[in-house]
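Per-chain residue numbering starts at 1, and chain names A, B, C and D are given in the order in which the chains are listed.
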Amino acid sequence: MQEVTEQKKEYVPTIVAFCCNWCSYAGADLAGSSRLTYPANVKIIRVPCSCRVNPMFVLKAFQRGADGVILCGCHPGDCHYVTGNYYTRRRMSLLFSFLNYMGIEKERTRVEWVSAAEGAKFSAVMNDFAKKINELGENKRLQDLRVKEERDE
Amino acid sequence: MTKQNQIENITRLSGTDPKKCMKCGKCSGRCPAYKDMDIKPHQFVMYLEKGKIEKLLASKAIWNCLSCMECVERCPRGVAPAGVVEAVRDTVKRAIGGNGIKAEDIPPIVDEFIPQQLLVSAYRKYNK
Amino acid sequence: MKICYYPGCTLKTKAKELDRYARASAAALGVEMEEIENWQCCGAVYPMARDEIATKLSAVRALDYAKAHGGKLLTLCSACHNVIKRTNDDMANDADIRARANNYLKLETPYSGETKVVHYIEMLKNIVGFDNIAKKVVKPLNRKVGAYYGCLLLRPNKVMAFDNPENPTVIEEFIRAIGGTPVAYPFRNECCGAYVSLKNKDLTKRRCNMILESAKEKGAEEIVTACPLCLYNLQKNSDNALPVVYFTELLAEALGVKND
Amino acid sequence: MQRIGVFICWCGSNIAATVDVERVSEAIKSEPGVVFSANYQYMCSENGQQLLRNAIKEYHLTGVVVGSCSPRMHEATFRKAAEAEGLNPYMVEIANIREHCSWIHKDREEATEKAIILVRTAIAKVKLNAPLTAGESPVTKRALVIGGGIAGIQAALDIAEAGFEVDIVEKNPTIGGRMAQLDKTFPTLDCAACILTPKMVDCAQSDKIDILTYSEVEDVKGFVGNFKVKIRRKARFVDETKCTGCKICMDNCPSKKGLNEFNMNLNNRPAIYIPFAQAIPNVAVIDPEQCLKLKSGKCGLCQKKCGVGAIDYTMTDKIIEREYGAIVVATGFRPINIDKFNEYGYSENKDVITSLELERLMNAAGPTNGVLLRPSDNTHPKVITFIQCVGSRDLTDCGKPYCSKICCMYTAKHAMLIREKYPDTEVHVFYIDVRCPGKNYDEFYRRACEQYGVDYIKGMVGKVYNQNGKLMVQGSNLIENEQVTIPSDLVVLATAIEPEPSVRKIATLLTASIDTNNFLTEAHPKLKPVESPTAGVYLAGVCQGPKDIPETVSQASACAAKVIGLLVKDSLKTNPCVAQSDESMCNGCSQCANVCAYGAITYIDKEFRLGGGKTETRRVAYVNPAVCQGCGACTVTCPSGAMDLKGFASKQIMSEVEEICRK
C-alpha cells in the first residue's frame, strides 16, 4: 500500500499544446472520436492559427512550470490563413533555439503539422512528446520560484 | 566491398539520384550509341535504383557509351544516365583486371593520323 | 590585344594546322595569342566521377596561370575547351572539389574559378566581332559549308553555355562572315563516336557516315570542325562522303593568310 | 463582479462513464466568480438549453462555461441559447471534456482531474471575454467575372439566372476563349462551337449580363461585398453600338498581312477584323499596330466603306469604374512557349505543330476549312506522330513540373478524329503514361487503340529531324526496349498549358495568392476549392489548376452558387473575432500590414490630444473588420503590443496557460 502511494506521487509533467482551430484542433477531435489515447497531462489550448501563438505564451508556460510546450498547425501550404504556419515555423525555430541556449532542452519544445484528417498522427505525436518530456523530467530552468512557493503553500 | 557499399559508391560517384527518374525513356530515345548498348541508358538508372548492379558491372555498354551527354542534356527530371555509366565504368576499371583496353592492343590499331587526344581520352575512359 | 592561350597536346602534333591557321588569323585580326607557360595535357576527357580530383589538376593549373595573366584563357581544341571549362565550373561552384583541388595544389591564393574560359569561336564572335571579320575578308569562301559542332562544345549546356545545344548557329554565323553559305543539317550536334573508335570502330563509322550523309543531303560541300578527334573520325572512320577541315583553315583562307 | 455559470454535460455515458461529472461540478463551485454549477444528461437537448437559459436569468450570469463535446460541435448551439436570454453570445466558452478527455482516457480519476482543469481553464478565459458584436457590411448586388472563356461564360450565366447583374470583362475582342478555338471535345466528340456558341449568345441576350470585351481590370479596391473596380476599355476604333458585323470593312482593308491569332497564326487577317464568325459581340476591331490609317494617316478605306459610320480613328482608351459584391476570376490558360524544345524541331520545321494548331487545322472554320493539310506544302499527311508531355512534368527551365491533365485525352481525340476522317493515315503516339481518369475517359482512350488502330508507343522522343523531306521521329519504345525512328509527315506536340500570364496582375490586385506555377491558390484544397483566400473572390477554370471543360464548367457553376449565396444577402455579418490595434500604443511601423495575407491592415493619420490643447497626428494601423479573417499573425509581429485579437486576446490565452500550469 505504501509503495502504491509513493508511485502516485511520482512527478507528472505538465504539457501545454497549442492547436490551430482548422487543422490540429480538429485532428485532436478526430483522435478523440477514434478513441486514440494519449496521456492526460497533455492539455490543449485552441487558437485560430498556429501563428497566433506569441513566443510570450511559450515563455509564460515555462515560467509557470510547464515541462513541455508543443504547437500544432496545418501542414505547410495548407494553412487556412494561407501563410500563417510559415510564420509559426520561422518564429518558433528561432525561439526554440534561444530557449535551448538558455537551457530549455530542444526536446521540450516542438512544432508539428497535423491535419484535420490525422487523428492517428495527433495521438502518436502526443504520446511521443509526452514520453520525451517524461524522460527529461521536471523543468526548473525558467520556473518562477514565487509561483512555485504559492503553489506549495 | 559489400554489394550495398558498391551500390552506394556508384550512386555517389554518379552524382545523380536514380529515384528522380520518371521512366520516360527520353535518354534512350536519343542515345547515339543505342544499338551498341546492351544495357540501355534508362536501364542503367533503373538497375541502379533497384540495386541490380551485377548486370551493370558485366555490361558491354560501359565501353560503348560515348560520354556525349545527350542523355544528360535532355532528361526532363535532372537525372544523369551518363554519370551512372561512368560511375559503373570507373568501378569496373578500378577493380583488378578491369581495364577496358590493354596496352599491347594499341600499337596495331594506331595509324599515322591518330591524334594524341584519341589515345589519351580512350586511355582515360577505359583504364585505371 | 593579348590573350592567354592553351593549345593542348594534339595541336602540337597531329593537329598543327588547327593551331597554325588560328595564330595566323588571330594576328591578322589584331589578337596576339600568348601561349601559357608549362601547360600540361588537360586529360582529353572530363572525368565525371565525383571523386576524380587529380585528373583535373592540370586544367586548374592552367586556369590559375591565366587568372594572373589577364583573367581569360583561350582554347581552340573542343576537348580542351570542354575539360577546362567544366573544371573551371567545378572550381567556382563545387565547394568539395574546390577544397580538395586546392589542398593538392597549395597555391598562394586558392583558385576558385575566377578565370573566364573563352573558345576561339567565342573570341571571334564576342571579342573581335563577326562583322569586323567580314570586313577583313579578302577571299570570300563562296561555297556551301556544313558546321560540325559535335558534343564537346555544346554539352552540358548548363556549364558550356556555348550555344543552343539543339539548334546551334554560331559556326553558321561564322561561315557567313567569311563569305560562305552555311548548311544546317540535323546531325551537326551529334557525336562522331569519339574515343570509342579505338575499341568499336564499327560504331564510329556508322556515326560518321550518318553525319556526313546528312550534311551532304542538305547540300554541304565541305565540313568544318574545331576538334582533332572529330576530324580524325570523320576522315578516317567513314566512307569520306565529304571533305572535313578545321574551321581555322577556312578563316585563314578567307583572310588571305593561309600561307603565312 | 463576474457571475459565471458552469454546466457539465454527461453526454449520456460518453462523458459520464469516464469523468465523474458530479465531482467536477462540485469542485468548480468553489472557484472564484462561479455562482452556479450544475450537470445534466444532455446539455444540447431542449431541456439542457432551457437549464442554461433559466440559470442565466435567475443568477444574472455574466459568463457561461459548458463542459461538453468539442466547440466545433455545439459552441454555436450554446451561444445561440445564451443570446436568446440576452447574454452576449461571445460570453460563452466551451471546455472540451469529451473528445479531448473522456474519450481518450481510461482512468476515471485521471480523466476527472483533467476535466476539472479544462473547465477551470475555460473559466479563466471567459472571465476575460468581452461582449462582441458581429459587424455588418452592405452587399453590392452585382458580380464581376474576369475572363470570358467557358468558365466565365458559365459563371455569368448562372449568376444572371438567379437574377443578379453580372459583368464579364474579357481582354480579347470577343468572348469564347480557348474553347472557341477547339474543333471537337472529348469524350463525346461533339463540336465545341455547337455547344459553346449558344451560351455565348445567351450571354449577349441576357439583360442581366454586360459584356465588356477588349477590356482589362485596371484596379481593385474594397473588400467582400464592396469591391470598387476600375476597368480599362481599350480603344476599338469601331463603335460597338453602330457596327452591324457586315464585314465590308474586312473585305476592303488593304493591310491583310496580320497574323490571325484565333487561328494560332496559321493564316492572315486584315487590320480591321472580327476574330471569328460567331464572335460576341459581332463587332469589328482595328489592330492599331497594323492599321495604315492609324500608323501613317494614309488610307481610311474602312471608314469610307462603312455604311453605318461605325469607324472612329480618334477613339481612345476609357476607364470606367464599377462596384461589385463578388468577383469570379476565370482568366484561363495558354500553351507554353516551346521554342526551347529544339529537340522536337518546332521552330525549324513548319510541319511540327502544337495540338492547338492542329485543332485549327481540323476545324471547318480554320485556315484549311477543316481539311487536314500540313502547313509546309498543303498536302495530306500520311503518317502523323504525336508526342505527349512536351513541357509537362519537366523540371528543366524550359518546362513545367506539373501534369497538364488534358493532353492525354485531347491527343486520343485527335488520333481518333484523324483515323475516322482519313482512314489511310498512320497515327503514332509517344507517351510516358496515359492518364485518363474520369467518366468514360479511359474507355475513350481504349477506343482510340482498339477501334481506331492508333499506335501507342510507351517512351519519349529524343529527336525530330528532317531527312529527305520526312520528319524522322526518333524515340524509345520501352516495352520493346528498342530505339525506333518513325518517318512522319506531320508531328504534333502535346504542349503543356500554363495560366494566362495576365493572371499575375489580377492576383496582385485582388491579394489572391498565386503558386510557383502562377496558378491561383484556392482557400482549401479539398473543402474550399472554388474560394480564393480573399473573401468574395472565387476561382473558375484553369487559372486555379489544369482542368478540362467538364471540370471547368462544374467549377464555374460552383463559383456562381457561392456568388449567389453572397449576393442574396442584404448585408454580411462579419466575424467579430478580428484583430484590433490599440491606437495609443501603435507606432505605425507597418510590420502587421506586411504579414497580413488579406491586406486588411491600412494606416490612417489620427489626431491625438496631448493635453494643454495640443494635438499630435500620428500614423496608426487600422484593421478593416470586414476583411480581417482573424488569424492573429499580426498580433505576434506587432513589436509594441498594440495589436490584439478579439476573442483570442493575449491576456485570455495567457490566463489559459496559467490555469493549465496551476497544479
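Throughout what follows, a residue touches a chain if its C-beta (ideal position, glycine included) is under 8 Å from a C-beta of that chain, and two chains touch if they have at least 3 such contacts.
In this text, all values refer to a predicted model and were calculated from it rather than measured experimentally.
J.: Taking each chain's centre as the mean of its C-alpha atoms, which one ends up farthest from the centre of chain B?
T.: For chain B, the chain whose C-alpha mean is farthest off is A.
J.: Tell me which has more C-beta contacts between its two chains, B-D or A-D.
T.: Comparing B-D with A-D, the pair joined by more C-beta contacts is A-D.
J.: Need the CA-centroid distance for the pair chain B / chain D, whole Å please.
T.: About 48 Å separates the centre of chain B from that of chain D.
J.: Compute the distance, rounded to whole Å, between the mean C-alpha positions of chain A and chain D.
T.: Comparing mean C-alpha positions, chain D is 36 Å from chain A.
J.: Compute the distance, rounded to whole Å, between the mean C-alpha positions of chain C and chain D.
T.: 52
J.: Multi-chain contacts in chain A: which residues touch at least two other chains?
T.: Within chain A, no residue touches at least two other chains.
J.: What are the residue numbers in chain C that touch two or more other chains?
T.: Residues 165.
J.: Among the residues of chain D, which are close enough to touch at least two other chains?
T.: 343, 463 - these are the residues of chain D that touch more than one other chain.
J.: Which chains touch, pair by pair?
T.: A-D, B-C, B-D, C-D
J.: Provide the residue numbers of chain C that touch chain B in the complex, in ascending order.
T.: For this pair, the touching residues of chain C are 8-10, 13-15, 41, 43-45, 47-51, 55, 77, 79, 151, 155-157, 165, 190-191, 193-200, 203, 206-207, 227-229, 231-232, 235-236.
J.: If you look only at chain A, which of its residues touch chain D in the complex?
T.: So the residues of chain A touching chain D come out as 14, 16, 25-26, 28-29, 31-33, 35-38, 40, 43-49, 51-57, 60-61, 64-66, 78, 80-84, 87, 91, 123, 151.
J.: State the interface residues of chain B toward chain C in the complex, per the touch definition above.
T.: 12-15, 32-33, 35-36, 63-70, 72-73, 80, 82-83, 86-87, 90, 100-101, 106, 109, 111, 113-122, 124-126
J.: Touching residues of chain D toward chain C in the complex: what are they?
T.: These residues of chain D touch chain C: 341-343, 345, 347-348, 463, 465-468, 472.
J.: Could you pull out which chain B residues touch chain D in their complex?
T.: Against chain D, the touching part of chain B is residues 22-31, 34-35, 40, 42-43, 70, 74-78.
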